[in-house]
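Each of the next two complexes has chain A plus one more chain, namely chain B in the first and chain C in the second.
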Partner chain A sequence: MKLRQGTFSFLPDLTDAEIHTQVQYCIDNGWAVSVEYTDDPHPRNTYWEMWGHPMFDNPDAAAVVFEVNECRKQFGDYYIRVIAFDSTHGWESIKLSFIVNRPKDEPGFHVSREEVKGRSMRYSIKSYATDKPEGKRY
Partner chain B sequence: MPDGSEKLTAKARYSAGVLEYKKMGYWEPDYEPKDTDIISLFRITPQDGVDPIEAAAAVAGESSTATWTVVWTDRLTACEKYRAKAYRVDPVPNSPGQYFAYIAYDLDLFEPGSIANLTASIIGNVFGFKPLKALRLEDMRLPVAYIKTFNGPATGIVVERERLNCFGRPLLGATVKPKLGLSGRNYGRVVYEALKGGLDFTKDDENINSQPFMHWRDRFLYCMEAVNRASAATGEVKGTYLNVTAGTMEEMYKRAEFAKDLGSVIIMIDLVIGYTAIQSMANWARDNDMILHLHRAGHSTYTRQRNHGVSFRVIAKWMRLAGVDHIHAGTVVGKLEGDPATTKGFYDVMREEYNPQSLQTGIFFDQNWASLNKMMPVASGGIHAGQMHQLIHYLGEDVVLQFGGGTIGHPQGIQAGAEANRVALEAMIFARNAGDDYLQNGPEILARAAKNCTPLKQALDVWKGVTFNYESTDAPDFVVTPTTS
Partner chain C sequence: MTNNNISEDKNKHLGKIDLHAELVETGVEQVLIDLDKSLIGLEPVKTRIRETAALLLVEKAREKLGLAHETPTLHMSFSGNPGTGKTTVALRMAELLHKLGYVRKGHLVTVTRDDLVGQYIGHTAPKTKEVLKKAMGGVLFIDEAYYLYRPENERDYGQEAIEILLQVMENNRDDLVVILAGYKNRMNTFFESNPGFRSRIAHHIEFPDYSTPELLDIGSSMLDQLNYYLTKSAKDAFIEYINLRKEQPHFANARSIRNALDRARLRQANRLFKENNGPVSAEILSTLEEVDIRESRVFSGGIDN
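Now for the complex of A and B:
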């Protein structure tokens, strides 16, 4: 399966030049861009590990692409995403988030069902990869 | 030249009998509205021979303290404060016989936090008033002091996006079709296919409640099976708007609780349940971390005609106060009514923190929303992947694009239809961000994306050239633009 989180997961994997165009768009809007990585792709895993702070005051998308590649060197078989934060009052959250690196093999998720009273069901979703401890999953 | 606003002596004012409304104190041309006043803008069409100023004063009177005759009991009250005041009457451009009447209401006329109370005054009796041929509530200025008595949208655009983990692009949805007749099991099939194919949401239609062909519990159970399967297949948070509209509040609460127990992120109600029921469901949604979707079923009975009724921009303002998170607001390019400038005005009311006056989009007043959460507009009805560049251009990024037929009607099936829409959307957002003139080059951008996506190519071929080019009935008075496609 292909993890479909992020703004561009239905497009072919982005090249560095394509990542550059999107990062520059964020910078031009005044948003702080940061790089994050994880080996737990659960849809509700909000807090991926931060590859440094958001790059406030950075005017150049090339610096972000450089950090993406540095992160890839260390975590090449993890998910890596680029996130842009908008600090404008009334938003103060993420404006764009897209995956820039994936593990070679994405085993996907298991749905578990607990049958409870009245034909009702309790669902939970679990990544096959997270059976193993952090750092040994992919 | 006397215009009726001159002060009468108390004896003359309160003598038993009938007095013109403008002489009773409902017309004050030099009145300066206070920051705390609620202001209504009405389009009035007086009967032949009726003075427009007297008509405006009558509207002010009948929507506040007046009755048809002088009553001495007025003198037991601070009646000058409680009288609504018509203070300005302008002819409507290019519409003989119609006038814009500005009327100010003191804040003390209204109960805090009650749309029912607000509407009982403003649109209560006055729309049937005989001296008027027609009456339309065009816009309202809501003071911050009044807005702060409402909680507003339970979730709001930002928290909805955080909860769904979805940023930087419109959300995608589809209404399950056929809207009536599917069994629960078959219905869930459509939900599963559409969500797995790439949509964020599927949606019950306004009239799918609990009918002989599908009991509501069956629908909820099968839909949530579909939602969870699709979520596992894609690694995304998915949702389906479970319509809890029912005959009583008790029944709606029961259905909402069941949706919550099954883990749904969103429920849905119809506008026809009424303002009080909507506010109650908004409170429930706030208490239960639930996104609340509102289908504006029924609104066209009073919003569509320009001379009589209530403009949808006013309904949108009331719904932002009442506290829904999603609201249908037009597509511009689809099959339903929607002039581009008017629709932009609606979207601004839903999504902005401050609306400056903008007559060309139908916004008559500066409106400060006092940090009330924003509503996510929903564009639904006759749209397809081939219009993606126009949809993003007209509607922006914070919107749910709902492709019902444009998903389910795909020649290769529902998953393929969903994938076509998602690929078209992501390709267009990518091109926009990369600085491409996407509105001009939209068709080429889509054709390029279709090279890697056969379903998109098929969608573009099937719906090529499908447009709905009709003149809008509800367009701004200050610039008239036909619907473009």
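Now for the complex of A and C:
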């Protein structure tokens, strides 16, 4: 099951040239772009591991594409995303986030149902991959 | 396949490209004219830059007409004595390459050894990469590049920085242009001990020293910008000064001239205070007299730094 998180996730995977164009758009808007990775793709897992520092002072997107490729070398079987943070007063949040790398095999999520109080149902989801310990999931 | 067809179609449509129109249109002409006007002397450098610009323009035209072309290697080395305009030319070069479409942003990042080489194990690689990332889309100018290589210390981290540089120079050729600069002799030794660099750098440009009349011209244009001028006798004294100063150690061409003129302005200000001839006119405030030049230590055999 292909993970659908962030912008562009219903499109085919972006090529490096497309990533470059998107990132350049972010930089031109003055957002700080950074690269993050994880092997725990639960939708509520907001904070992924940072790949280096956010890149504040690179005027060109080639630097970000370079870092994405460096990250792919080490974490080729992880989810990698690019996020752009807008520090403008009043926003101070992520403006754009998209996945740039995913594991070859994505097993998807298990929905567990729990009956509580009368006939109410409580649902939760869990990635099949997270049964294994960190670093051995994909 | 489709791409090929498109370029063939284009070929038929366009057929010809007016190189001169292209030169004007891209704004390259303007940069070259500015270069000619704002830089005094440096004829060989200007010729080389014109040649390089022509090559790059032809390369772009070939690309448009669908002829075989490959991105030329643009990494350069500037060698010459201090104060011969290497940094200034590098700035212009960045602008030129940007207008020609070979770098995307056209900014210049100036670094020395300290910005690239770390102080402990594992510090160098991230530091160098950080600088390279900053320079992507523009031009990286490494001043006194030979300091990167220190043969006397085999555990020097400079070698690590060199390896990363070479790797990025090769793999990210479309992303950044590297210009190495420094004194001629030391650059030569540097290239000899690092053959990887020599082969990756296509353009070696030498910056000659300025002649006395050129230095005088440079001085005059500096003063012009500051609304100062030299009297006739001051000019003669200044020529004499330049000739004396040239023979002394640590002569830094245009930079020495700027420093000499700064000191002359200082002396002029002092003189005006001492003379105390009542109110002064703009005329008096912008005139540098012979005494302002003659008072320099250089005339009595001393050294001005």
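To be clear about the criterion, the second predicted complex is superposed on the first by the 138 of 138 C-alpha atoms of A that agree within 3 Å, B and C clash if a C-alpha of one lies under 4 Å from a C-alpha of the other, contacts with A are read in each partner's own complex, and residues count from 1 in each chain.
By definition in this document, contacts are C-beta pairs under 8 Å (C-beta built on N, C-alpha and C of every residue); 3 or more make two chains touch, one makes a residue touch a chain.
The model shown is predicted, which means the values in this text are computed figures rather than measured ones.
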With chain A superposed, do chain B and chain C clash or fit? fit
When the two structures are overlaid on chain A, which partner does A:1 contact: first (chain B), second (chain C), both, or neither? first
With the two structures laid over each other on chain A, which partner does A:132 touch: chain B (first), chain C (second), both, or neither? neither
After superposition on the shared chain, which partner residues are touched by A:25: those of chain B (first), chain C (second), both, or neither? first
Answer with first, second, both or neither: which of chain B and chain C does A:67 touch in the superposed model? second
Which touches a greater number of chain A residues, chain B or chain C? B
Should A:95 be classified as contacting the first partner (chain B), the second (chain C), both, or neither? first
Check: chain B-chain A-chain C angle from CA centres, nearest 10 degrees, reads 100
Between chain B and chain C, whom does A:58 touch in the aligned arrangement: first, second, both, or neither? second
Taking every C-alpha pair between chain B and chain C in the superposed model, the minimum, in Å, is 15
Chain B and chain C footprints on chain A, overlapping residues: none
Would you pull the chain B residues touching chain A in the complex into a rising list? 158, 161-162, 165, 167-169, 198, 217, 221, 224-225, 228-229, 231-237, 258, 261-263, 353, 371, 374, 419, 422-423, 426-427, 429-430, 433-435, 449, 452-453
How about chain A: which of its residues touch chain C in the complex? 52, 55, 57-63, 66-67
Applying the document's contact rule, which stretches of chain C touch chain A when the two form their complex? 104-105, 107, 126, 132-134, 136-138, 172, 174-176
If you look only at chain A, which of its residues touch chain B in the complex? 1, 3-5, 7-12, 18, 21-22, 25, 41-44, 46, 84, 89-98, 108-111, 119-123, 125, 127
